[in-house]
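We call the chains A, B, C, D, E and F, going by the order they appear; numbering starts again at 1 in every chain.
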Amino acid sequence: MPIEDLLLSGVNLMLLGMGIVFTFLLVLVFAMKGMSKLAMAVMERQGTVSTHASTPVLSGQDSATMRGDLVAVISAAINQYRSIRH
Amino acid sequence: MVEIGLEPLWQSTGLANLEWGQVLMMGVGCALIYLAVVKKFEPLLLLPIGFGAILSNIPLAGIGGSDGLLGLIYSVGIETGVFPLLIFMGVGALTDFGALIAMPWTLLLGAAAQFGIFVTLLGALALNFVPGFDFTLAEASAIAIIGGADGPTAIFLASRLAPDLLGAIAVAAYSYMALVPIIQPPIMRLLTTEAERNVEMQQLRHVNKLEKVLFPFAVLLLCIIFLPSAAPLIGMLTFGNLLRESGVVERLSHAAQNEIINIVTIFLGLAVGSKLSADKFLTIDTLGILTLGAFAFCIGTAAGVIMGKIMHRVTGGKVNPLIGAAGVSAVPMAARVVNKVGLETNHHNFLLMHAMGPNVAGVIGSAVAAGILLAMVGG
Amino acid sequence: MPIEDLLLSGVNLMLLGMGIVFTFLLVLVFAMKGMSKLAMAVMERQGTVSTHASTPVLSGQDSATMRGDLVAVISAAINQYRSIRH
Amino acid sequence: MVEIGLEPLWQSTGLANLEWGQVLMMGVGCALIYLAVVKKFEPLLLLPIGFGAILSNIPLAGIGGSDGLLGLIYSVGIETGVFPLLIFMGVGALTDFGALIAMPWTLLLGAAAQFGIFVTLLGALALNFVPGFDFTLAEASAIAIIGGADGPTAIFLASRLAPDLLGAIAVAAYSYMALVPIIQPPIMRLLTTEAERNVEMQQLRHVNKLEKVLFPFAVLLLCIIFLPSAAPLIGMLTFGNLLRESGVVERLSHAAQNEIINIVTIFLGLAVGSKLSADKFLTIDTLGILTLGAFAFCIGTAAGVIMGKIMHRVTGGKVNPLIGAAGVSAVPMAARVVNKVGLETNHHNFLLMHAMGPNVAGVIGSAVAAGILLAMVGG
Amino acid sequence: MVEIGLEPLWQSTGLANLEWGQVLMMGVGCALIYLAVVKKFEPLLLLPIGFGAILSNIPLAGIGGSDGLLGLIYSVGIETGVFPLLIFMGVGALTDFGALIAMPWTLLLGAAAQFGIFVTLLGALALNFVPGFDFTLAEASAIAIIGGADGPTAIFLASRLAPDLLGAIAVAAYSYMALVPIIQPPIMRLLTTEAERNVEMQQLRHVNKLEKVLFPFAVLLLCIIFLPSAAPLIGMLTFGNLLRESGVVERLSHAAQNEIINIVTIFLGLAVGSKLSADKFLTIDTLGILTLGAFAFCIGTAAGVIMGKIMHRVTGGKVNPLIGAAGVSAVPMAARVVNKVGLETNHHNFLLMHAMGPNVAGVIGSAVAAGILLAMVGG
Amino acid sequence: MPIEDLLLSGVNLMLLGMGIVFTFLLVLVFAMKGMSKLAMAVMERQGTVSTHASTPVLSGQDSATMRGDLVAVISAAINQYRSIRH
């Protein structure tokens, strides 16, 4: 490939590349702002509900729900996947 | 000129290539991480497994493929069986078998709890009557080992008998091990009377150093004579334990208990996660495995408690049948559950040390069961 | 293989499996009891002889015997092996 | 009778087999060790790289060959990409992204500094006008990544796009990272006014634990959606960071931050050093790479500072443009340089924490740039 | 229906498959563990070797086979030479060469003690006159290196020159290293007068940091010039030592001295043990190797002491000839033995530091001897 | 090969081997003595110049020189290599 064409590819790559880098990190800025807002809201709510989540041993009720959650989540995923594929 | 345009650019994004199955599996990965981080479900394994599931379902990146990082780790460490065996060495180095040596009869509790494995094996085969299921004997055996309540044993056996189910089996095994505090207490309460739960057991006798050194040899000797197919698992477990108890190789014991087991746990988790691909995990089989896993834990617990009741009778009331529930292994969670349920009935009855005996017996028991399945089905 | 035959294999496997598990662990119970008795006897004798075995540096006499032991043990093993094979 | 005479003896000495190129490369190895030990230039990598260069240029010994120790390590750890990815996991586990989370806008400084990469790419291609140079697009891309000021990223990309240049690229990347305190300050002073350098930034807000746990997911999610080719790097970085911030896998986080990264660093350095052979390193290409590398750092710094000046205007003077220089990564050296240059102008102006934001943003930025180059050129 | 009956069950037991040779080798393994645990014979290696011997002789399990755990570890770590070289790196990182630098002439004691290697080489060849022995030059060389009293060097050389004898050679090398306190004293007393043993040596001069940093380069330089075949061993030894002495890579030095050497020691021992199979170990060759090994240690000790006597004369009585015995290496056991024998004659004569010089010189000396054997015989 | 020839090879190997071991370590003795002298001279000079080399962060002037050094050294090496090969 002639050097001129290489350079053209390079310029192309530079424009696209810097474009993507800036787009990516700009979107990340907003994603992080959203995430921080969410996190602060959750922490605030949790602050009033008490520091429930950090108890090392599971309380019966809490976990029973969650076990339902686990099976439910995986079941839902499997059903959805099967319905899409077939 | 190399063509660098918007069309190939779009084709190189994840958005253009994401399939539904991958999105769902990333969701499963996130759910596992949630359980690990927020609910403290076996986080040492479920967090890496969950993250491995996310990474290996990223389109185009091929991280779980044969040239990808996780694929390479899988083929080096799990296909060969190396990782679960090294974990077993670490478990041996971390475990004090003193409580078991003081009460050798509690080995029978560890034996009884393996009933969960074999009933689940039948259950898995019976599930074939339901349309959509078609488990072979090897697959049914790999699923059944979930009832052993021992992660590395389950991964080792699944990697040998049913690699396609390995992801689901590992997830089920670790999830239910974390769920032991929910699954076991109702069964324990149902099968025992208040009088039985109230039994205070006598204090354990002192175990001397030589007994602890000879113990791994006794276990290994029987394994060699009766069940060589269990020798990789039992061998590494007893080797790790000898490193610990010999007292002359402190450096090696420390390495087995820390560096090696930590490094291998990270890699094992990520590599197991790489098997959570949509086409292998999002099948009706997985639902069957999850159901059978819960079933296995229940049966194992019940069998242990019933054997505890038998020992209660035979010994004239010296044995608290609750400690039978610890026979499923799930060390040390199951022993803690026994302690907790015991304290509910009698505030001064600390069963923790007595439950550690059947608890570590359960580890040996499920390694023995794995050896039997390998010998009978693996050929 | 029909499901019935599979189930039959499964029942077979269950009976054999639980049998072996129980046999194995029952034998282990007795092995451990024997081992414990042995260990206590040894420790008691050693207790009177003093804690000789745990001295880190070898005393001359002790080790000279033992070196004989090592070569003797391996020699015996080799001889036995050769006599059996040939 | 085996012939054991003086002639074969002489033929087995190094003296009889040393080639000039090998002597020169051993000299280069010694120079790298000198810089590492005496001048404290990135010693954790330059010392093993330098020693690896010496070992692999010893005649007859074949230590860098396909059966030699360093050759084996290279093929297992670098050809596969495993080592740089494990280092990235360790970097993630060692990095506190709190400063970045508190100031998300500083991500743009990390973006701007990647300009150095792409200008260098053009520069490498333009160098083809000079007789003796003949860089392909893939080689130019591998060279350009030196401007990312991130060692493992450079090694990962070079191992994929231009393995023959890997030695020179790694040496250039780590050397210039160590030279950041010399390269950056003049550029920073040239492009900023005293008033700008004088700006004191307000204290960072508190970042809570949940934000830190969610951060790796936010980064990984974008990577999955937009740029899956960066997923191996970003994936392992965020995995390491999650190990750190989740707070439930202390053992694994410790292993990633210590055992794994230390062991891998030794092996990575030795294996990179094994690529410093005369025929691959003592070429005109290496001079081009060293020149372009310096160029890349200068452009990257300038672009970061100029973006800093833009943010200074837009925010009405709240941002000190110096922190833009930290956007090249070179963690934590570049942030320390910012702090030092800031203190020159205003003795009470500590910019270290504010510079850590763009500094770690630069790591993400150059991983993103590496992903783009892989996707566009690596196919 | 899968046949699961009593006959295949019996066929899957160890009892039905145990061969006499395997039982005997398990006995040898137990003997090694006994020596390691009870008699503290080099426990860091003899314990894993002994356990590896047991595991790899279990019938049906195939743990030492090409797909088994120990077989895999052997092919990855010993066949390639990687493990002994990493141990050598760790030895370098653990060794302070200060005593040698302060007394460079003691290198000659390390040289003299290698006489044991070459006399044993002759002895092994002469043993061919005895019916039943048929050692090639390569095998004789591998056996002779036992006289180097250095485990990793012996394993490295044996893996290259006589892999079939590796098990016996490693067992002999480590056993006799542990027996140094019994083998050496009589020889030392026999060859020296009380006046000679009574000599108090002057205190060692201070060695500065720069000398310690330059020392590995001096050793490596000579190795490159004269004996590149010793470069893998000497190279990793000096690399480890540079990590230690450079003072700028504390993390890496710590990893080489702890994590890496501990992990590798476990795997090296197990893998060496996997070579203790009946058909390779229970041969007349092994008896020859054990005899020759004892012989090698005696000759090496004597040659070291005689060279000590020569230096005693030449220096006009400044050198205590006992320190020559430390030239066989077996660090630090041999130096401690010198100290002990010295104290027997003169209660105020502490020779430990003076014996450390020839002791570490012996490590370099046997690596040099290994290089010579590789160059002359290995081709 | 007859045993006598093997033994002859062995004697040959012994003589050469011990010769090389002694030569090697004797040369090392002198190399170490030279090295120690050099090191002490350097340390002494440095002692008067202050402990400059051990400052962790580079001073501008010092490093600028050195950076020149690095590029200069590598350039010189490349030139020399090319001039030899071509």
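Simple rule for what comes next: a residue touches a chain if its C-beta (ideal position, glycine included) is under 8 Å from a C-beta of that chain, and two chains touch if they have at least 3 such contacts.
Just so we're on the same page, UniProt names per chain: B, D, E = Oxaloacetate decarboxylase beta chain.
Note that the structure is predicted; figures quoted are calculated from it, not measured.
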item	value
Chains touching both subunit B and subunit E, listed by label	C, D
Steps needed, at fewest, to go from subunit D to subunit E via touching chains	1
Far-end chain from subunit B, centres as C-alpha averages	F
Chain pair, C-E or B-C, that carries the greater number of C-beta contacts	B-C
Whole-Å gap separating subunit C and subunit D, where each centre is the average of the chain's CA atoms	55
Mean-CA-position distance for subunit D and subunit B (Å)	41
Subunit D-subunit F separation of Cα centroids, rounded to whole Å	29
Of all residues in subunit D, the ones touching two or more other chains	2, 4, 9, 40, 137, 226-227, 259, 376-377
Shared interface positions of subunit F, touching two or more other chains	6, 9, 13, 16, 20
Chains grouped in pairs wherever the two touch, ordered by label	A-B, A-D, B-C, B-D, B-E, C-E, D-E, D-F, E-F
For the subunit E and subunit C complex, residues of the former touching the latter	1-2, 4, 9, 20-21, 24-25, 27-28, 31, 35, 38-40, 175, 179, 181-182, 185, 278, 282-284, 286-287, 290, 336
Residue ranges of subunit D touching subunit E (in the complex, touch as defined)	2, 4, 8-9, 12-15, 17-18, 26, 30, 33, 36-37, 40, 43-44, 47-48, 51, 54-55, 58-61, 63, 67-69, 72, 258-259, 262-263, 265-266, 270
Interface residues, subunit D side, partner subunit A - complex	100-101, 104-105, 107-108, 110-111, 114-115, 117-119, 121-122, 125-126, 128-129, 137, 140-141, 207-211, 214-215, 218-219, 221-222, 226-227, 361, 364-365, 368-369, 372-373, 376-377
Subunit B-touching residues of subunit D, taken from the complex the two chains share	80-82, 85, 137, 213, 217, 220, 223-229, 231-232, 235-236, 239, 242-243, 246-249, 251-252, 254-256, 259-260, 375-377
Residue numbers on subunit F that touch subunit D, as the complex places them	1, 5-6, 8-9, 12-13, 16, 20, 53, 56-58, 60, 63-64, 66-67, 69-71, 73-75, 77-78, 80-82, 84-85
